[in-house]
Structures are given as C-alpha cells and as structure tokens.
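Chain naming follows the written order as A, B, C and D, and within any one chain the residues start at number 1.
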Amino acid sequence: MIEFRNVSKVYDHNIRALAGVDFRVGKGEFVFVVGPSGAGKSTMLRMVYREELPSEGQVFVEGRDLARLRAASVPYLRRGIGVVFQDFKLLPSRTTFENVAFALEVTGARSYEIKRRTTQALELVGLRGRQRAYPHELSGGEQQRTSLARAVVNSPKILVADEPTGNLDPQTGRQLMQYLHNISLMGTTVLVATHARSIVDEFQCRVVRLERGRIVRDDQRAGYFGPLSACADGEEV
Amino acid sequence: MSLFGYCLREARKSIGRNPFLSIATVFTAAIALLVLATFLLGAANLQNLAEFVERQVNVAIFLRDGVAPADRDSLKANVAGIAGVEEITFVSRETALQRLRDKFGENAALLDGIDEFNPLRDSLEVRVGSAAAVDLVAEAVKASPLVDEISYGKELVARLVSVTRALRLGILGLAGLLGLATLFLIQNSIRLSVFARREEISIMRLVGATDSVIRWPLVFEGIVLAAGGALVATLAVGVVYQWLWQAMGRNLAFLPVLPLAAVLGRVGGVVVLTGVVIGAAGALLAMRRWLRV
Amino acid sequence: MSLFGYCLREARKSIGRNPFLSIATVFTAAIALLVLATFLLGAANLQNLAEFVERQVNVAIFLRDGVAPADRDSLKANVAGIAGVEEITFVSRETALQRLRDKFGENAALLDGIDEFNPLRDSLEVRVGSAAAVDLVAEAVKASPLVDEISYGKELVARLVSVTRALRLGILGLAGLLGLATLFLIQNSIRLSVFARREEISIMRLVGATDSVIRWPLVFEGIVLAAGGALVATLAVGVVYQWLWQAMGRNLAFLPVLPLAAVLGRVGGVVVLTGVVIGAAGALLAMRRWLRV
Amino acid sequence: MIEFRNVSKVYDHNIRALAGVDFRVGKGEFVFVVGPSGAGKSTMLRMVYREELPSEGQVFVEGRDLARLRAASVPYLRRGIGVVFQDFKLLPSRTTFENVAFALEVTGARSYEIKRRTTQALELVGLRGRQRAYPHELSGGEQQRTSLARAVVNSPKILVADEPTGNLDPQTGRQLMQYLHNISLMGTTVLVATHARSIVDEFQCRVVRLERGRIVRDDQRAGYFGPLSACADGEEV
C-alpha cells in the first residue's frame, strides 16, 4: 500500500528531517509512528499524501511513484487518503459542517449523500451539536475532532493521522483511537503519529520509532497475531 | 452537481463570508471603472466637438467672370460628388455684396458708391464634413478653367486637422493607458483578496480539491465583483452626466454636448465588458501565483 | 528604543516580509495618483489656455468728436488704473481707417472715395487680463461725457466668462472627485493589506503590545508605501509630459502648453502630499476596524 | 493573585462554556486544570489575560477587576502574564527568534537585553538551532516550545499554559513541565490546562477538574505539603 525506499528529506537551511528511511505498510495495517519532537514524523506523513516530495529516494502509494505523478492527478490521490493534520487545517470561513462536507463536495458527491455522511461523521466524533460553529468558535479538542471527521468522511483507503489526540482528554482520545483501529480492521490502512505512550502501549500494534530522521525501531508488539487486532491483517504490498 | 451551479453557489457563499473583502473589491473596481467611464464620456464629447468644429469649415470657389449657368451647375454637381462634401450653394456677386453690406453694419454707407461697379465675383460655397475633405475639394477644382481662385483659410484647416488628429491620438493613447491602469487596479485588488485567502486555498488542495474546483468559483467571484463595480460606475457616471448635461444645456447651449442616451449604451457596454474581462483575468492571474500543487 | 526608530525598523522589516503586499500597494497608489497627476496637469493647462484665450479679449472705447488730448490722456490714465487692465492704447481715427483699409485687402479700393470724410472715430483700445475685467471697464467709462460708445463683443465675453467659469468649476469638481477616488483606492489597498494581517495584529495584542506599538509602524508603512507610489507616479507623469510637450512643440506650436518645470513642482507636491496624507489616513482607518481589545 | 467569583460565560448560539465558577489561586501556586474536551478550560484561562470577559461574575487579577480595566491598561496586564496558547499563536512572518523577542520588544527592553534573554529562553526549550526558522518551517512540537519560550521570556508574574505538552513526546513534555514547576517555586503563579494524565499524576499538585463548565473537583493531592513542591507555596490572595 505504502512504501518508502531510502527516503531522505532536506529542508531549507540544510535541515535534514529524514535520512534514508525504508519502510512498507500493507493494506489494512495499523501503524504508530513515534519519536521525539522534530524527529521527522510529520515530514514522513506529509510525503504519503504528497504535500512534500523526497529529496532523495522514492515514495510509492498503491504502487505509484509519487514524484512522477502528474500535478493533475494529485487531487485524486488525496481523495483516497484521509488526513488528520497536526494543526487541524480547518477552513476558517466555513462551519464545522461545511468543513467536513467539503471533503465530499470535492469528489462531486450528491448533496443528500453529502448531508447523510457528514452528519454521520460528526455524530461519531461527538460534534453534532456544534455543526454550525466556525473553527474559531471551537475548543482545541473540537477542532481536532472536526479534522478527524473530515478525514474519515469519504471512507478513504488510507488514513494518515498526525497527533490526532494531542488536544483530547485520555478517554475521548482512546475512543477515537479505537475507532481508527476499527476502520483498519475493515481494510483501511492507518498511519498514526503520536506521543501518547499510554495509547500506544494499550493497542499493542506495530510501532515505528523515528529519531533524528532515522527509523531506530520497527516493532510488531505482542498481540500482532491476536484475532481481534487490525495489526494482524497487514498484508505486504 | 454541475460545475456552473457549484461556482454560482460557492461565489455567493464566499461573498457572504468575506463581506469586507468583497465590498473593498467592488468599490476599487467601481472607482477604477468610474475614472475610465468619465474619460470615455469626455472623449466621446471631445470627438463630437472636433467634428462639430470641423463642420464649420467652408470652402469658397470663386468663379471667373461670365461662366455660363450650365457650366457652373455641372461644376457644382462634380464637387457635390466628392466624399465629405455636405452642402454646396451658389452665391452670386449680388448676394455677396449684400452680405458685405450686412457685415459693415453701421458703416454700410461706405459701400454706397460701389453698387454699379461691384468688384466681387460669383462663387460656390462648399460646406464639408471634415477638415480633411477640404484638400480633396481644392485638388478637384483647382485645374478647372471655370475657377478663378479657391479660398479656404489654409492655415485654419491645417491647424484643425492637426489638432483633431492630436486629439484623437491623445484620446486613444489615454484610453489605452487608463484601460491598463484599470486592469491593474482591479487585478491587484482581486489578487489581494485571493492572497488573503491563500491559507484556505492551500487547505482545499490538501483535502483533494482539483484546480478547477478552486479556480472557477474564484474566477466567477472575480467576474461578479468586477461586474458589480462596473454597474455601480455606469450608474454613477450616468446620473452625474445627466445632471451636468441639463446644467450645460441651460448655461452653455451653444456647445454641442451629446445626450446621455447617445453615449451611455456604448460607454456602459465598454465599462462592463472591461470589468468582466479584467475580473476574470485578475482572478486567473492571482491564482497562478497562489495555486501550486 | 525610540518609537520613531522602532517604527522605521518595523516598517522596513514588514515591507521585506510581505513584498507582494507592499508592491501591490505601491502600484495601486501609483496608478491612482498617476490618474490624479495626469488630471492635474491637464487642468493646469486648460486653466492656462482659458487665461490665454481671455487675454485676447479687447474693449474699444470710442470717443466723441473733438475730445482734447489732455482729457483723453486723463481718461486713459483712469482706465489703466482698473484692476485687470493690461494695456491701453490710443487709436486715432486715421489709424483706424488705415486698419480698415488693411482688412479690406484687395477690396481696399472701395474705400478710396472716403478719405476726406472719414466716418470713423478716435478710440482707446483696452487689453484686459480676464473676461471679467471687461465689465469693470465698461462700468467705469460708460458715464463719462468723453465717451461716445463702448464696444466689446458683449456676447463673446459672456460666453467666455461662462465657459471659463464652467471649466473652473468642472475642474474643481473633478479634482475633488478624483482626489476622493484616489483616497478611497489607496485606503482600500492599505486596508486590504492590514486585513491580510489581522491575525498577526490580534496575536500582537495578546502578547501585550500597546495600540501604538501596533499602529505607528503600520501607519508609517502606509505612508512609505503611498509616498513611494506618489514618487513613481510623479516620475512617470513627468517623463511622459516632457515627451508630449516636445512633440506638441513641434506640431502644435500655436497652443500655449506649460513647460514641465512650470508645473511639475506644484503637481508633484500635491501628488506626494496627497499620497502621504492618504497613506496615513488609510492605515489609521483600516486599523480602527481591526484593532479591538 | 487570581480570583474567579461566580463566573459564567455564554458564547454565541447560547453555548454555555462556564457556569458559576468560583476559584482562587495564590501567589506561587501551581494548578492543573483538567477536564474533557469542551469543558471550558481554555475559556477559563483566556479570562485570566482578558481575551474574554465573563458574561456574569467577576475575574480579579492582582486585585483588579478585569471587566473594569481600561482598554489602554490591557497591554500592561498582559505583559505581566506569560501565555502558552493551545494553538501557539506565533507570528507567521517572524522567525522563531523574533517571535520570542517580540514579547520583550513590546515592553521597551534594550536590545542587548532582548538578545540575551531570548537566547536564554530558546536554549531552555532546545530551539537555539532553529532560531532563524519561520513557524511554518517548524514541527508541531517546536512551535509549541516556541510559544512556551515566548511566554517565559520576560519573567511574568503569572504563567498560563493551555495544553503546553500536547505536541511533545512524554520526555520533553515532562522536562518542560518540570521547568514550569520550578518557576512556580520561584514565585510565579502557574496555571496549566492539560490532558496529560501521567504528568498530572506525577506532579501531585492542586488539580481543578472542569466538566461542562463547572468545577467538579478541586483537590490538593498528596505532596501538597511536601518540602520541594511549589504547591506548598501557595498563599491565599
């Protein structure tokens, strides 16, 4: 599903965010990406939906080399990938409902379909009651959940979540992580960058640890073969 | 969901969401186009005035003594056929003397003694539509054996021709410059408004919006705002012009000022069209800058 | 750290940080002021032209027969003292007849018989500086027993007065309107640029910046940008005017066109001043909207 | 130092974020504010530096009723309060260094002083190396630490931190929380809204728990009287 081949990323001022990262994620796999602040987690996730291109090496998504994708195809790639951004990236002049609906609108969905699925997604993250509010009227956690609702609303094949519970209380955070885990059981590939050690420990899935742009650990924790865990469903690409 | 319907809805919503930006853009467009419209109205009137002045130019063809009426009529017909000639009248030497007498007014008594040996000549008076036609007439009759002399205030005509040519050139040049300035102002304003939303645009791209889903609503919005500005400008200029026209009619009736109806259609059309084209171009140009994958 | 030094540094940094916004603002200001400057130049020339035409107006004061030279000289001195009178010349009846003869040209022979009983009168020819002075002169001498008649093309003067008055009013009105338009355009552009930074402004407030720390650098920046636009506009208009002036000098030498040096100072001054004032006002107005505690 | 008297806050759309909150914090106290997402934590903190005013009730800071503060005095109030915003609120067109220095510049400090203290603050949060970077060039955690550096750079009397470790790995988070704890030992009043249960448990300080806009618990945990804990230094106003 996703493959990084010897990927490096050098930003301006000669900042090396990733250095020779090799890694593969199979369909339906659930992977945590952990590591200290500035280790390159977000950079890695941003490459999956082609917000960044590698300075060296290649990134493949569903077998396609992203660096060689035509500009016109990028939106279609992105529609297949739901993203929870670390900084939420909500459209400031649209309401919660419109923000979530937007991900469906761009795909050209019919309006009753948009309405139904958006309502469902907001229900899931517990924001039905706040759907008319604008982002600046939401609490931090509410914004984060809106971003999550938008990421899952069009049932993407891949879900990328960058620190999706940083602004949530442990209980809500665990619930939503459980939900992401569940959708990976239904075949969605899920990549989660997180600092929440308690959640990582609890889910016992594959954990990739980045430090200074390098993968220093790539563990299949206990439970990998457990019957109810999505981690078990990972197939290699 | 059709793209057009989508654009329409999005543009409407977006204008509602950013009323400040929208109003600022409409007003910038309106003012820029107001200047253009005022200028176009002025230019139309100057053009009209130039034509009016040119129509005052006459050519007098003095005939030799004893030209037969038949010859004279055929010459008259020839000259009447020249492009730009509007009217041709025969003035006999008697009429000419009477005119001179009228001109003298109170001193007409001076002419009392000369009735029997009238030194004046028969002439054809030609009224032409433009100063340029004067040369044509002169050229055509100069060689004729019937013609004694041609008089047309050479210098005046030369001046008029060069003044009106300069005027036309100047108007064209200024119109071009003002058009460019208008384009730049409106485009700038739309670019600023797109600039203020660059974050939004980049977010849209990140959640899978194609270029056209982002571009066309913005272009549409640019057109709507610029066209709105154009309508405001046309309306404002129309009202002021009508008012001025009436005031001028009262005080300066001798100056030929075009009525509103004769110019507003053309000027309004140009202004709205300019607005629409510039609105679209401005939005497209603005996005070339901020739309990057 | 002095506030002024701080403003200077901040404005410089801020222009460097947002080059796109800055350039857009400078150009909007330049174009708006370019239009104003062009108009002011045109207005100065029209005004000059109107004065030039008015100076062509003469008044002729015809004297009764047999006025003594001493009386005539005292009348002349009186008239010369009236405001607006530029020159006064005595024209004897002999000179007048000679002029008439010259006017007749080829038909001068007509006048041959009248030398001995010359029906013309002595007169004082007055050249005035403006059409309005004509009335003053007429009023002053009308009652004098020396004066037989006053002639000054009443109608022409009336027209000239109303034309030039209309012209001046029109110019004043248009200048006002264009000034307002310029103000609005620049202010709009600065407001858009402040609008694009409203997030930044609100953050500054949250970390303890006082109003003046936020306001003065922005006002300063507004002034710098608008003044920059004014300089660009003045320069552009100066170059084009100089070029046109030379072209006109070649082709339309009879029209009185002011030389660049005579107008650029005034026009440039007005334009730069307008720019600075509007830049400051625009920034202040813009902030009234976005600066809230 | 800080006192809330029967404070309620009702936002647009009739959203009640706080309902009858009564609470006092003494000088040098260290208080955690916890509670589920949307409970009103940020609203409460925003009232301390007067970003919001109460709909009912009064908020006093150093004895002054904030609702009756003149607009011109607000900046001076805020200079005495360091704030780590939940959404960082960095100035996008200034570098990391300039962002931190800004909090000193507004106070009219001398430039060598600005330079010295800014460098020190950046050192503290581990961002000396990134001081020329613009916010969009920073990772989430780096932005958060910049916001923290700005909050502490002018040694404020009160420090308000809204979820200051949400984007940090547990270790960095704990270090910075330790630092906040230390400055409270030196007399700064510190208010921290957080979801990080492990950190709250570890520090054993006063914990105020909000739920649906009400204080449902206000505990002095064990260690309240411990010798090294800032919690012990709380004096009532």
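Definition applied: contacts are C-beta pairs under 8 Å (C-beta built on N, C-alpha and C of every residue); 3 or more make two chains touch, one makes a residue touch a chain.
Quantities reported herein were computed from a predicted structural model and do not represent experimental measurements.
Graph distance from chain A to chain C, where chains that touch are one step apart, equals 2.
Distance between chain B and chain D, defined via averaged C-alpha coordinates, is recorded as 68 Å. Distance from the chain B centre to the chain C centre is 24 Å, each centre being the mean of its Cα atoms. Work out the mean CA point of chain C and of chain D, and you get 63 Å between them. We define each chain's centre as the mean of its Cα atoms; on that basis chain A and chain D are separated by 30 Å. Across the assembly, chain B contributes no residue that touches 2 or more other chains. Touching two or more other chains at once is no residue of chain D.
If each chain is drawn as a node and touching chains are joined, the picture is one closed loop, every chain linked to exactly two others.
Chain pairs that touch one another: A-B, A-D, B-C, C-D. Those residues of chain A that touch chain B in the complex are listed here as 49-51, 71-72, 74-76, 78-79, 83, 85, 89-94, 102-103, 105-108, 110-111, 150. Chain contact summary for the complex, chain A toward chain D: residues 11-13, 15, 34-38, 41-43, 86-87, 132-133, 137, 139-142, 144-145, 162-163, 166-173, 195, 197-198. The part of chain B that touches chain C in the complex is made up of residues 20-21, 24, 27-28, 31-32, 34-35, 38, 107, 109-111, 113-114, 119-120, 159, 162-163, 166, 174, 178, 181, 184-185, 188-189, 191-193, 195-196, 248, 251-252, 254-255, 289. Chain contact summary for the complex, chain C toward chain D: residues 1, 6, 14, 17-18, 199-200, 203-211, 213, 293.
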